[in-house]
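Reviewing the structure listed below.
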Amino acid sequence: MMKMVRTIKYESDRVPGFGKEVMSVPGCEQLKSCIQCGTCSGVCPLSVYMDYSPRQVMELTRSDFKNEVLRSHTIWLCASCYACTVECPREIRITDIMYELKQRAIKERVYPPRFPIPVLAREFTDMVKKNGRITEMVLVMKLFLKTSWLAGMKNWRMGLDLMKTGRLSLVTEKIKARGDIARMLDTVDAKKEN
Amino acid sequence: MKYSYFPGCSLKGLGRAYEESLLPVMKHLGVELQELNDWNCCGATAYMAVDEGKACVLAARNLALAEQNGGHQLLAPCSACYMVLNKTQHYCQDYPQMKETVDRALASVNLKYSGHSTVRHPLDVLINDVGLEAIRQKVVRPLKGLKIAPYYGCQIVRPYATFDDQFNPVTMDKLLQALGAEVVRYPLKTKCCGGSLTGTLPDAGIRMVYILLNEARKRGADCLATVCPLCQFNLDGYHAQLRSQYGDAVLIPTLYFSQLMGLAFGLPEEELGLKRAAIPFRWRPAAPVAKAGASVAVA
Amino acid sequence: MTDPSKSPNGGWTPRIVAFFCNWCTYTAADLAGVSRLKYSSNIRVIRLMCSGRVDPQFILDAFSRGADGVLIGGCHPNDCHYVEGNYKMLRRFQLLKRMLADLGIEEQRLRLEWISAAEGEKVKRVVNEMTTQIKALGPLGMPEKFRDWDQEVIELAHHVEKSGAAACCCGSAAAPKDSKAEVAHV
Amino acid sequence: MVNFKEDIRIGFYVCHCGHNIAAMVDCPEVAKYVATLPNVVLSRDYKYMCSDPGQELIQMDIREHKLNRVVVASCSPLLHEHTFRSATEAGGLNPFFFHMVNIREHNSWVHTDRKEATEKAKGLSQAAVMRVAKHKSLDVKRVPVNPEALVVGGGIAGITAAMALAKAGKKVYLVEREPSIGGHMAKFDKTFPTLDCAACILTPKMSEVGSHPNITLWSYSEVTKVDGYVGNYTVQVKRKARYIDEDLCTGCQDCITQCVFKEPKFEDLFNEGLGKRKPVYIPFPQATPQIVLIDPEVCLNFKRGIKPGQEPVVSDKCKKTCVEACGEKNAIDFTQKDELEEIKVGTIIVATGFKTFEAERLPQYGYGIYPNVYTALEVERLVNASGPTGGDVILRDGKEPKSIGIIHCVGSRDKKTHVWCSRVCCMYSLKLAHLLKEHTGAEIYNFYIDMRTPGKGYEEFYNQLLDEGNHFIRGRVGEVTDWAVTKEEEGKLVIRVEDTLAGVVRRIPVDMVVLATGLEPQKDAQDVRRLFNMSCGSEGFFLERHPKLAPVNTFNDGVYIAGCCQGPRDIPDTVAQAGAAAAEALALIDTGYVEQEPNTAYILADCCGCKSCIPLCPYTAITYDETTLKAVINEALCKGCGTCVGSCPSGSIVQNLFEDDEIFSEIEGVLAFK
Amino acid sequence: MSKPKVAFYWCASCGGCEETVVDLAEDILGVVEKVDIVLWPVAMDFKYKDIESMPDRSIVATLLNGAIRTSEQEEMAVLLRRKSQYLIAYGACAHLGGIPALANQFSREQILKFNYEDCPGMVNERKTRPQLHFEENGCSPHLPEFRNVVRTLDQVVDVDFYIPGCPPTPNLTKAAFDALLSGKLPPKGSVLAPDSALCDECDRKKTKPSDIAFLEFKRPHQALFDPEKCFLAQGVVCMGPATRSGCGAVCTSGNMPCTGCFGPTSRVRDQGAKILSSLCANIGPRDEEGINKVLEGIPDPVGTFYRYGLAKSLLRRKVNLPTSGNGH
């Protein structure tokens, strides 16, 4: 059966001001000058899997289609390789715009439950705030615990490799000035609330 | 030559072979690395995704510590750290509001970042400060006959590095050639390795790993040389998944350039973390050739 | 006449006198106009044929008459329409800015820029930058300073007048009518 | 000296310039304010001061109100100062009793706050009113114009301009750097959209130039020095050694046939390096002049390893079969040296053309890495019947392509290379697509950002290409590589691109890639600009005096520009512009004289003779008079920069139009009002 | 008929100008014969009230030397202005501010602090400063106030003529007297000296090359000078080209460069700016580094170019000093 989805866009689908808001963020200003040439998609190694191409995400953002953009896979697929950013003929920092969109999606919690990327990001930040550093194996374990046990199990072979090569360490790395890290990060939060 | 050294979390974890090989190689070249006291996570890609401001603040603490140390040159071997530290410098320069956020956060812990420090990658230091000639002189076991695909990955040259070309970097090519190795033409040298996607969206990540390895093999490479702990992990660690997804494990080893340097310099093998790789690297250079006037370190 | 140091929209705003050479910088400012670039309105351009014509007296005179900043625009090195008038200005500028610093005028108040006829953008950037910098420095206010310095003499003139003597002649410092202060001495 | 007791009566006019000024400046308010200033007897605002009624208004007021000074606040003096000076003069005053205020380019167009802009206009106007009171009566000097002209550059622009002047009976020097005229056009196969054979339409013009009695054609020559001023330029031209006596060579080319090199083996630059030539050669069959030349870098008769810039040294190693072949004509002269010639001309047309973007700068497109990636200019030679392959499209690896990708905008519309659109690439890409299809029958993909076909018959040509079955993919190519993901990609060049119209990313394997490289300024454009005292735009093309109203004029009077040295354009536009430049030059020549701005300097009797000013004058106009022991300025040599005036330690030099007191008044004026 | 009354007065001055009057030598007798000197503090005793009691404009000419720094000097200037038909600024200090005006680079507080506290050799443990009023033994004397700014005479009162120089030369003084006595006076405000610059009467002019390009500047103590050759040609800053002539080139004949005491010509508004412009324009190097290297030879441009003229310069004073107020 064909699933019928409305694809035409009405004005009511737009969230006016969204594009302007994104373009006012440091690093995202150049989006204004996009000429939709598609170079970003052309060089993006992950465009293989994307629902919207990076170019489309740029235009949808500029045209205030907030929901479409924040719900797209594209922003999560971006691996931050910066190929688009350095090749864009308008010097649009596409990777940084992707970051901005990811941040907004996380803030508004518009991503599938147990979706690993935001979970990883959150675990990562929590660990940094707590310890000042990252212990990769602990982070990976937590990620699997919070997303999918099964996926974790599938990687048993790799775990074995790591153990054999002495890279599997579950001793948490911590810095001395942990209080400093927390204080600095809180300062940033306090500023935002003002 | 003296630098502040910022290992980053990976070099203490999955990428410890990088540190294990880099330190003796740098020492052998007379480069003094002083590890930054009580450094913290650079902020990295994951943090950037959540909060750019905080990521910059985290990075800036390390930059401030480096300045406090009096060392204005900060060596960051991990590509992600290198990029984030550089990005923070750029953002603080370009965006007053970011500088203000950073200054305020640092002030809360009595630190100050003036913006004078520079972030350097080991490749940059090796090529521009140490020089290829000095490196060539240290080579006692040339990597003759070894075909290497030089793989730079993304964040070392993009978007901030100025020491090499963004599309066609050549510093590692030259370095490997200086070691006596044969460098194969590898057009994927700056393609993404999949980054953290190998863990989070394996289908997407593994495909990229497969293309990279497969193409290196097609071009006759004996191994890949890399500059980044995450790249090394991705290219080395997923042979099981590769086999299940593509029916082809592509068992081609991936080494840090520093490990290859150590081999060529004749440093003791056990110091180079060669055993840390999942796909073993079995090739060894011929026995050392005594050079007039050069002392030979025999493993 | 309105107070020249007040902007028409209230509050102090810098006044920048600019000496632009006819061939490069003045033309660049024309180009900025034709391109409809927008920049702050604090600048008043005086056209000269060459930056080599900029007599340091003009700069001092502008400051003394109330300019908060002086901008000199000439052709890029080697591009002077008159071969090397711009170098002559550069040499004067090097000593003049040092002398002005000795006289308490901040370096940012005097600026020399090479702006070619094609660099309308640069006119915009330099004017805006300079306006921001001078805003941060605050007014130089030489006319007010002269008035302030001469307050002593004005008071004296006032005092002498008040003491019943015949009207005295007064020099360059004319007494403002509202001067009420009085000093008793001698 | 001006008589300060004279009753000064200033008329002030502020122009609305339609809405251009009036929208941002309250013109009546400015007029009202200026009316209150000393010496102002009349103050008006008017819609268009530069219009006839506006100018008549000034003339009428001068007579009726006995004005003796006029100030107009309107646009830039560089645009209309002359207009209003003439109006002032027509009203019976000396034209220099006029001063102009720029409240459009420097005010209404660049500011956003109407109140601030109005106040600024008042301040600038006050300055002008105070300044004009100090103005003096001055005389304009007339200088005759040398009727001979110089055209620099022998491409289609230079050829057209030189012919136009020559046909009008003027003597023209045409100087071309290369051994033959013809420029880029001579390399083209066909021209769009009519597909005329480029050689067929250009060659007759070239020979016409070569044989016209009014044209002195100096090929293989470069202008090295330009002195003087409008109407009277002295130009030094370096005539590079060809090692052939131009007067004796008949163009028989026997020397080429008889050269000791039996086969051509040196890079043939005319064919973009795709073909080979001998050390003695003629650039291409239709070259004008039909004179061979010898390349001392490779000719056996010269010593090897001579550094660039050094004089070639004859080695006498060669058998000199060429000399033998030349026989009694005796045209070959290995001892020839570069020669400098000096000519005097009144006007100069600069038509030095362009350079194509270096495709190596974008390694992601693989030029120089993959042999089957070509630039468009290479393809022009490749499809040309007299090109290196005789018109067969044979790739560098010897194959014939079955599929071809043409990438547009290479080095154009890109902030990292050139931001501008090169204007001709879309059309020449269509032309090459057509020619390649015609020659090979291959599948042809055009990758474009926007298809730009504004021109007579251009859009129709695009339609024709669509009908021919060419593929058009809207998307800028990300990369060209040789690594394969699928089987059909093996051994091919793979183009990765988003088809932005379909919204999908594609990998397209092709045999040949053509890069539509953009146009950029010549490498030495900055040197040429300095030579002729012109300006360059930020992108490096020569700057026209006004983009609309003076597109072929430069800021240096008497020097005009034509063709792609001013910006990318196609052949029809180039030819039209060259005609315009020639017309401007003709107008100047036929006027017979130029008027000189009387802004020269003179020295007062109070000069102490300190000689400080003497070394400052770049034109050596100032000398020391040994009898009076004072400095004197030769007015004829003075160009009016005023550097000596600004430097005279005792204030004893005066510059007309820019007297100290005039400028001090202006400073006082601009600061008297916010 | 009584002889015309003439007064001499001194303000902030070294006394050198008074000396010049004496330097008129036998000519002074001629002057004294023709005029009645009613006031001359350096030579004769007098009281303020003597002058105050004179009718207004009863003095034909007052030659006032010295700059104006104290309230007393100001009052005397005002008083003498009222009593005189012609007030003549006599000498560089009255004309341009002179050496005392170099103090315009410092605040009143800096000057008082240095002189009464920090100056080497100063013993003043209680850091006493001069007071305007004080009581002692039942008396309450008043002292003149030390002003913030050093002024030229014409910055305080209207001046009719200027006789330039530090000090003015006897022949200029005599010429001025002759003009006064004969009534052949130039327009008001004139400087009673020629209006061309010093080179006009300097013998060294002929040795100046016309293609000077300074590669270094030397200060007078750094070299032995050729007694014939133009100082500028020897790389020494000579203010001659920017300084009014009339002195007879006494300094340059004495093998010292001109320091500019006669002030600028009538066509120049700021002597320092003009000499700066001229010297700098003729510097050899074109790059910033090279230019600055040459300029190292002029370590103190203000003291060099405004040795006499700071008060009369366009800026008059270091601009960021504390401004008004009598306190501090």
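Note that the chains take the letters A, B, C, D and E in the order they are written out, and that residue 1 is the start of every chain.
Note that in this section a contact is a pair of C-beta atoms (placed from the backbone, for glycine too) under 8 Å apart; a residue touches a chain by one contact, two chains touch by 3 or more.
None of the values given here were measured: they were computed from a predicted structure.
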Least hop count linking chain D to chain E through chains in contact: 1
Far-end chain from chain E, centres as C-alpha averages: A
Contact-richer chain pair (by C-beta pairs counted) among B-D and C-D: C-D
Centre-to-centre distance between chain D and chain C (centres being mean Cα positions), rounded to whole Å: 38
Euclidean distance of C-alpha centroids - chain A vs chain D, Å: 49
Cα-centroid distance, chain A relative to chain B, in whole angstrom: 23
Cα-centroid distance, chain C relative to chain E, in whole angstrom: 27
Shared interface positions of chain B, touching two or more other chains: 167
Junction residues of chain E, two or more chains touched: 268-269, 274, 277, 281
In chain C, residues with contacts to at least two other chains: 52, 55-57, 61, 84, 88
Every chain pair in contact, whichever chains are involved: A-B, A-D, B-D, C-D, C-E, D-E
In the complex with chain B, residue positions of chain A that touch it: 26-27, 45-46, 48-49, 76-77, 79-83, 85-86, 93, 95-96, 99-100, 102-103, 106, 116-118, 120-122, 124-125, 128, 132-137, 140, 143, 151, 154-155, 157-158, 161-162, 164-167, 169, 173, 175-177, 180-181, 183-188, 191-192
Chain E - residues contacting chain C, complex: 56, 71-72, 74-75, 78, 81-82, 105, 132, 142, 144-145, 147-149, 151, 153-159, 268-270, 272-274, 276-277, 279-281, 283, 286, 288, 291-292, 295, 298, 300-302, 305, 313-321, 323-324, 326
Chain D-facing residues of chain A, complex: 35-44, 47-48, 53, 55-56, 87, 89-91
Touching residues (chain side chain D, partner chain C) in the complex: 76-79, 102, 104-107, 109-113, 115-120, 123-124, 127, 530, 533, 535-538, 543, 547, 555, 599, 616, 618, 639-643, 645-647, 655, 658, 660, 663-664, 666-668, 670-674
Complex contact set, residues of chain E against chain D: 195-200, 205, 208-213, 240-242, 245, 264-265, 267-269, 274-275, 277-278, 281-282
